[in-house]
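Two complexes are shown next, each including chain A; its partner changes from chain B in the first to chain C in the second.
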Partner chain A sequence: MSIVTISRGSSSMGKAVAEKVAATLGYQVLSRDLLLNASDKFHVSQQSLLQALHDAPGLKDRYKNTKQIYIAYVRATLLEMVAGDNVVYHGLAGHLLLKGLDHVLKIRIIGNLENRVMRKMREDGIARHEAQSLILADDAQRKKWTRQIYGVDPADNTLYDMVICIDKLSVDDAAQFICGAANSTAFQSTEACLRKARDLSLACNVKAALVTEFPEVGITCEYGNMLLYATEKIAHNGKFKKILDSLKQDTPGIFNLEVHAGVPVPLDAV
Partner chain B sequence: MSVLIFTSDNQELEDNIARETAQHLGYKTLNHTFFDEIAQQYSLDPSKLREAMTTTPSILKRMSSKLWHYSLSCVETAVLDRLLEDDIVCWGLGAHLYVLVVSHVLKVRLVGGDGSAAVTDTKKERLREKWSMMAWHRKEADPRLYDLVINLDQIKPDEAVSTVAATVAYPRFKPMTYSINNLADRALAAKVKNVLLKTLTDIQVHAQNGTVVVTTTCLKREKTKKIAAIKEIAGQVEGLGYLEVHWNVDRVNEASIGNR
Partner chain C sequence: MGQLTPDMILVLIMIALAIFLFIVEWVRVDVVAILMMVALPLLHLVTPKEAFVGLSSNAVVSIIAVIIIGAGLDKTGMINKLVKPVLMVAGTSTSRIIVAISVTVAFISSFMQNIGAAALFLPAIQRISKMQKIPLSRLLMPVGFSAILGGTITLVGCSPLILLNDLLLPFNLKPFGLFDVTPIGLALMASGIACFILLGRFILPQGECQGTEDNEAFCTIDGLAANEEEVNSHYELTTSDDFMDYRDPVHVDDLRRRYLVNVLALTEPPDFKTLSPAPETEIRAGVDLVVCGRKQDVERMALAEEMVLKETIDCYSSEFDTSTSGTVEAVVSPRSQFAGLTLAEIRIQDRFRVTPLEIHRQEETYRAEIDSIALQTGDVIRFYGTWKRLESLHREGGLLFSMPSDLEDMRPEKALWAGGWLVLSLVMIMGFDIQLSVALMTGALGMVITRVISIDEAYQSVDWRTIFLLAGLIPLGIATQKTGTAEWIAGSILCIIGDVSPIVLLTVIGILSTMFTLVISNVGATVLLVPLVVNMAIAAGTDPRMAALVVGLATSNSFMLPTHQVNALYMGPGRYRTVDFIKAGSLVSVVFLVVMIAMISLIYGI
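Presenting the complex of A and B:
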């Protein structure tokens, strides 16, 4: 009873491992379905969401906060989708989007460039130099994205619970490891973990509702009690108050909604 | 029947898990206590040898570049020689940086474990990175150097031990003729480099199937003398099949002499 996220570079057999893990544990596999659901829920094209999760922010994004908006949509959708537990997610940035949840087992699968190039050539039927440049460009883009959005290096070992080099292992061996770790007590979902996931999901939904107009507002939630950290100016804004009122009425699970004006945003706020 | 190498920034954790794994598998251990034996074998000061394994050469620390490289080479030679014995758990000797591409060696890095994953000691990390880059041109924290990286912030040490023990049992980590020969070649190259570094500098050594290739850099006028010296010194190493010496011109010194 836990959530497994599998982060990998392209052609690192992450998908095969994720499917094997899900089949062994009887979990649901999530990947691009996330974009489909987020696209339906927030009426944004899948392509825009994919770009927001894959490409590093450009100059235009920095001024218009488009990345921040789309990531808030994707995060809110993902947290809703994993709320039921027993999920293996192998899409983009799972370990970062589900940050803060203790029962999430974060795995990274890495592989030697040479083997990845060979796999890419076989999968896509392309020439060696083309396969290599595609893989390197993809790796560079993901590194840039993680650095710019979250300020961390995707190669940092401390972001994951386990990093597995797939070169010497088969898909079955890697899946066996992951299943062993997922079944350990540390990653079993307790009542406290599930409550934390529900609170985070509520906070992310509120963030998604506010991010277009008020991207700088920070939100925390505990036992359904929502704390919003905003500037004095935003706290007294009529539109802001109106959105909060409708959220309080329409979102089940929110008991209380309180605005802290002029207080610094805590580190764990979304 | 394989070799296991552990590494971590947290020495206490590394020591505990490596010992438990060795006990679990019934393997021998090879760790920092081996430094005294190496120092005795190569007539070095044990404290200087330990210092060379943690710091970079510096005039202020009275550690010359030549002595530093020689000390590292002594450790590498002695460790590789011991790893040929098989069924060993090794840690604290930097072996993960020089035992590469040997398929029956399982390299494991342990991170976290003291709740410090979020608050990392950046200065210590930077010094360690500088050392590993200068010594073996590799970043120690690079996950691509390892077969498995385990974060012990949530995974318990006994679970890590059982995972590693299960991994080492996989067929890919069993010694094969090719991987044993590969390790033997590395041990031979390290031995040749070690005898050469006693008197010479700017030496790179590679070995394949008992054939050793030494690459050196020197002035044109010193070429014959240096090649002869290399052949004479390296020729005495036991197990050497064929020796080839490649020479590169030292362009910087050559240019400075030309401008005089």
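Presenting the complex of A and C:
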């Protein structure tokens, strides 16, 4: 009983491995349906969400916080979708979006460029130079995105529990390694893990409700006790208070909600 | 107008330096006063004896005695007992609430320090604001202003008035009696309250009502008390025998973070009963613990942590007896050493072994992660602990305990003694014309002898900052007078304003005093201005006593800026901005001046 995230570059056989793992463990596979759900829930186009998850923020994004807004939407949706556990997610930035959960097995699948180019040529029926430039552009964009949004390098192995080079391994072999790890005690969900997932989901939902107007507010949640870290100005803003009142009334699972003004935002806040 | 001598120039420089340091506050005001006390004899502007004469002055001794008498009255819980009936009388109308609390605060303030009276009612006003959904900003300023105005009701109500008779001595002028200022003070208080009742909607910030669901339950005072009781009720629980077998260790702090439940008592193996256990204390299997929190939170915790919730406090009944331990509210005072620090930084639990339960700020109540909230002036912190430990926290200073009647060494049985000594002091002053300091010190001594207050408590209650501020500035007044500087300034001012009627002169003095008190302390303003205005009045043929009285009263006319301690205390909780004080304070200040001059003219026939 756990959550598996598979991070991969394009044409790294990540999707095939994810599906095999899900089939072996009897887990549900999540990928593009995340964007569909987020789009439905927050009334934003899938294209905008995809761009937010894929393309590094431009000048306009930084000014309008659009990227931050869409990522908050996607994260809130993803946390709701994984709340039931037994999930394999092979979409973008799963290991970062689910940061803070202990029972998530974070996998990265890598492969050498030559093999990936060959695969891309086969899959898309395109010329070699075109396939190579697409893959390189995609890798560069993801690297930039991860650096700008989370301040880390996606190639940093310490972000993952297991890095698998797919060059010599078959999909079945890779899936077998992953299933073995997923079944180990370290990644079994406990009551504490599930509670943490629920708390993080609640925090992300509150973040999603506030992010458009108040993107700088930090939120933590523990056992349903929600703490919001804001500036004095925001804490006394009428609109902010109104949103919080409706959240308190409409969100089950929130036992207490407080706004602490002028207190440094903890590192684990969303 | 005489010629400026070198000594006069030196005195003027010292005055300018004192005013400059008062304004910029590079050092504390009492340190400025001590600087004057030392610098003036070094510059040969006063003799060494004159430099320290302030410490033995009638005014300083009177202030020490008034503070001790106030502390004695406080110890008996007499003043606290006023709170509840006043709130009952206040009812639900905003105007009635303002009038009832303001009059009470003004009355208390007329015999004890203004700041103490203002702090006493702060938690109660916050509760009323929530209960009646009246913005706190509409209640606090009228009450704060009344606390300041209450200081003008008797000659011992505020430092400038206590000081007044001493400053008149060099001029051989008749001293004022204890209640000579009472009609004027009452009129000032009434006019101040009337300003807010009649024009409150125009001059006070309207604020927002905090009509949350929780508050809606607060429909009556009893309802409020009931709800507060529910929030802070005590529950005893027992952990299961296998509590530690299949879970990560659970600590006291975990329960607070997870369920907002505070552990007030815990049994530690083999059977040590610990009150206010440290946050890192581990909770063991098969032990009893007493917690404080909302019932639903305690039930949630009992369910999740598999604890058995008992129906009553069973094992800890003696420890939780009201004679042993309890809950108090403490207000962070202006100039508190705790302001700007978090409870974690102060290490409140480590040092005093009391449990902070919640923090009230403005209309908000904080119960989660309160250790990391930086305290502000006016914050109300609710603590649980044994009376002994709470008393040691109280002694640390920086926190005004608004409900000290709960403290262990409260002596309600001494209330009659305390009241008796106060009355005796007043009779000595009024009936036998005994000097203020002697009469008041008799009352203070009586309180010590009859054990209303111990001598150590009496010493601790004295605010030495006020004493040194006063004593240190008195030599500056002497130097101003002795060197002829006061006469020279008075002459210069009279030259500028020309021949004016006594009423105009007193009005000018009132405006001058008001301006001074806004930028420097009221004591400083009084010491500097009284010799000056007495000279001015003598030169202009006006009654010099009245000129001095105008200074003594008008230095309480400190409403336009949040510089007065009471204004500073209420500024945070009321979320006032300086512009709010300018708006309301300007009107009250003008009314103050008009009423003061009118009353002096009416009573003393100027």
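Rule of thumb we're sticking to: the second predicted complex is superposed on the first by the 270 of 270 C-alpha atoms of A that agree within 3 Å, B and C clash if a C-alpha of one lies under 4 Å from a C-alpha of the other, contacts with A are read in each partner's own complex, and residues count from 1 in each chain.
In this section, a residue touches a chain if its C-beta (ideal position, glycine included) is under 8 Å from a C-beta of that chain, and two chains touch if they have at least 3 such contacts.
Everything quoted here is computed from the prediction, not taken from an experiment.
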Contacts of A:112 with chain B and chain C, given as first, second, both or neither: first
Per-residue touch tally on chain A - higher for chain B or for chain C: B
Touching residues (chain side chain A, partner chain B) in the complex: 102, 108, 110, 112, 155-158, 160-165, 168-169, 173, 176-177, 180-181, 184-187
Residues of chain A that touch chain C when the two form their complex: 192, 222-223, 225, 227, 236, 238, 245, 249, 255-256, 258-260, 262-263
Contact footprint of chain A on chain C as seen in their complex: 208, 212-213, 248, 257-260, 296-297, 300, 304, 364, 366-369, 372-374, 575
Chain B residues within the chain A interface of the complex: 103, 109, 111-112, 117-118, 120, 141-144, 146-151, 153-156, 159, 162-163, 166-167, 170, 172-173
